[in-house]
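First chain written, first letter: the chains are A, B, C, D, E and F, and each begins at residue 1.
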């Protein structure tokens, strides 16, 4: 199985940072091709950055089947462009937030997302609620850390993150946590040990979901909102 | 007051088609500048077209305040790019679906959207539910007509449209209708007379909402999900 | 355009207090007639007062069209009697809470209401949720101030109000505020400056919504819950 | 125990019609006093009639405790004025719709309301949803019969009613029915036998709920939305 | 009327503890037979204990009609096995949580449950939401007390309980409380006096609901999810 | 990896029937042990059968870790006993309905369940809604076929099934289908070809989800509703 792990922002070091989690999760017969967006914002924080990175991504995704890919993963926790990519392609396209939320449902009764910046709370709350509904979700909690600070987190950064985790568990009533930013990947086991709850690292979750979905021979539905775009002039 | 009425697709004739509704709705002191996207898809049907038209639109919107605009309207019923544009700008940005839904609330207890293609039903249902919640919405009904067929509708096209309206009222329990596509503008009064219910034409609704919102001196909130994008490299 | 701005309580000084906001919002061709209820409670706090003021209001509204009015505004934030008045009339009837909530949607992603007495929280929460659904609302916050104390607010009164605003933004996650009582009108700009978020003053919002709705030629739906009352004996 | 069964419309024959159901349901130590509104509409169909009958009812309810009543029932299926009456009184006040819905929950998994006129569907849908939430409710179905026609129903009237019941069971997925109008009381056993499901007659349900609630010594909460009205001038 | 009050756990002293509340609530013509499960867990705390006690209970319930019972009450606040028992029987079967929630609706606008152990919060939240929907519920609050400690509560136990009640009222916005554990029965009046709100004791509530439901001649619906089990081999 | 695939009913031929789907889905390093309940009902249709099969299942699950199992699958589409088993165990426990619903989310925007008997509609609707929320679910559709008829389906049985699928797609607005009964496994590819939408076969979906979840090293949360049962007397 051949998986495209596509980082829709342009920061190569971030791709390099989360690729080991992907390779570690992948099965022996799975080939993971990690790519970084050629153009777009250097990180994705909020609706504006989300919108900018989609057309380059769709452009890159146009020939995935011809290139032999079985599934594509959009490696951004905002699941930006997920519906557009699913409309364009028949092979499965997965997002980090959705994959993590779905995997979390197997081991958590009510899961919360811990993320970086407060402006991500509204879009992530909508996503989480849309994927799992109100009964299984315990909210989105922002630590107030810029995404790029996570590449080499200071003690203060870690401390703010831990206190968001604690708030999610005690005030939100969560019994498990999703790390809501690809840059948090390397802290998953630290957090899990510290708080004694399942911690879902989205990159690994998405790889496993990709293997499961494509392994079942499933293809993206083409009969509803993801109907293939009609041929027309698009300049 | 100076309003930008921006058609995010590239079909000039569609802009020409809905501009009279805007001019007719505008007050004597309102200047409406109608523009057509320079690049993008020729019509917007579904998630894929939605995604493609946003970056050109954001590019166009960058200097609206310097150009003296007081408010911008995204003249596409999918409200595509609305959150991204609101993040980027401090002046109010309005969408057709939201404007029509809000205006409809004043004269309808439960409103339905009538639109063109079935693949628009899922995204529009999400939008409508997000704006008004479940208590005031009666669903989205698709007539199965391509957007560009509406420029000069045949008798069969009109008939399919009328039958969707009837379904919305009888089966959906709607007591009013929103025309869910800019191309339907010219049929508003015909439908209202035929079915005896309020029919909201979104272009006119958005102009009136723009005048109301900007007239109150309100500016887009910058403290939540629409926080201004942080400076960063965006190629 | 001729708008009736009807205060359903009997306190003339309150009508006098909010009329400038209405006149200030009204366009040059709009005539605003502010009236105070001839009979009813001197202020409206909770379900009991709400119920008492409706029949006198309906009585007053009976001949509005014959008197040349184009739209009526019920100038009470509880939107008391709104459904009954809409059933009786074909011209648009607007409420303060709904008008403010709808206008707020254009500039806030999640809006909260700040009001006076705690017993108003349950009815206003129902109203707000009914108008906008759960995704766009951030709750109702009561400052614990009797309505009539607002006519000349002390420093302590203002301080309690500010602390409710802060709670709505920080704990409720609101990115904008609606002033949930006609008596708060004069504090709108103070609060907006202090907290740096959009503050919606309901009287002005309702005037603008009235102009927008009636200006579009829309009339209240008569085909659902607001069907005109059947002729019958009503003593 | 002494129960006031108050018909908020002025049609004495309707009170006479449903009183036997009340007397039949009442226990040996229960005294039921059935009263008809002295002033108000002759029947209650929609928001307008609802609003008119409340102040006379509140006026009548003012001294219930002094008169030795233990509980009051508002004998109108719209539960009109229920919140206002609960605000005014400390003794329990019950409504027909709520009582029937609560009793139905004990023997039906998903219950529907069958009522008379279509304009009652929106208010009754709100009520039912508000009392039981979405999981236990199967909708409101209107037979298109004026309330006063039920006093001596023709064969055609019965047939329309039966067909609404069938629709509620087959299309709505209900496994039980509430008769959504006091005038339907006499048809309860006929419908239950015909369709083989529980049929809840609201007058009897309310009497039993009144006995249960007052029998437990419970009194209306005075700490939230039903806080007692503050003393003030009410003309 | 003959009511089976069945304690699905095996602790006889608990049955003995709550029986007086039942006898006190029962009317003069009501016979209450309190029974304790012969086999099962000694107390019911969470999903695991819930599951274990159901088959013995269903076994016990098999011949209730032949034994002359009119209604059965499952005397566990988790309403464990309620759907299964309702499927098996035609006579009404009531649960403590549902009965208390329904009775509470008559005297509280928004009710909260106060319970013992935190692991009960998720199942009870689901139950409460399922019975009343979101508009009438104010959450479930756990005091962190093992069920069996309630048989002779220490001062510390009472203090933790009171502080949960306070949290439900102040933070949850409840205007009434349900005691979410049969073992709390004896503290009902203490809590009601201390906090000045209605306190619903579930054993008494269930007895009154049983009398009301059976007294109306209602039987459990057999047409939906509670259809009688088909004959088959069950070893 | 070692997976227990546990059929909670006692029909060995049903276990034999669905085991090939499991073996076919399992990866090369996965060992699937299929077991049939030793005691319990011969098929599981509705709440009553669900309740009966749980204690024997929990008994069987007690030593799974000592036996070297990495994950357990409850091979019944009602997910019966899922919460109880998750409370008892630390290794992941998966259900068919939840696994299928989660996998479906990757390739369908709105998914429906097609099942056998109408009395399964209420419990399955609750499950589906609980796992995915309202936005991604399109309802549960029953073909009216007893479970055991599926072992060797007649032409009439298939025809009823196909017509339920069609209803789910056209009336429910689904863009993908879940086969809501283990006995339907062998018809998955037939239905997918006939209707051109993704069809999720729950046995295979659960195997893949088991591999994904256990492969990530995740263990069931023990901090919320699934807290391990306290030691106590359980007879």
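Throughout what follows, a residue touches a chain if its C-beta (ideal position, glycine included) is under 8 Å from a C-beta of that chain, and two chains touch if they have at least 3 such contacts.
Small disclaimer: the values here were computed from a predicted structure and weren't measured.
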**Message:** Looking at C-E, D-E or D-F, which one is a repeat of the A-F interface (more than half the contact pairs shared)?
**Reply:** D-E
**Prompt:** Comparing centres built from CA atoms, which chain ends up most distant from chain A?
**Reply:** D
**Fill in**
Taking each chain's centre as the mean of its CA atoms, chain B sits from chain C at a distance in Å of 27
**Asked** If you average the CA atoms of chain A and of chain D, how many Å lie between those two points?
**Response** 51
**Gap in Å, rounded to a whole number, between the CA centres of chain F and chain B** = 43
**Junction residues of chain B, two or more chains touched** = 83, 86, 109-110, 121-122, 126, 129-130, 135, 173, 224-226
**Message:** Can you work out from the touch definition every pair of chains that touches here?
**Reply:** A-B, A-C, A-E, A-F, B-C, B-D, B-F, C-D, C-E, D-E, D-F, E-F
**Message:** Going by the contact rule set out above, which residues of chain C touch chain E in the complex?
**Reply:** 121-122, 126, 129
**Prompt:** Which chain F residues qualify as touching chain E in the complex?
**Reply:** 10, 39-43, 45-52, 54-55, 58, 81, 83-84, 86-88, 118-123, 126, 130, 146, 224-227, 229-230, 232-235
**Asked** Quick one: in the complex, what on chain A touches chain F?
**Response** 25, 27, 83, 86, 92, 94, 98-99, 102-103, 105-110, 129-136, 169, 173-176, 196-198, 200-201, 204-205, 208-209, 211-213, 215-216, 218-226
**Asked** Taking the complex as given, what residues does chain E use to touch chain C?
**Response** 109-110, 135, 173
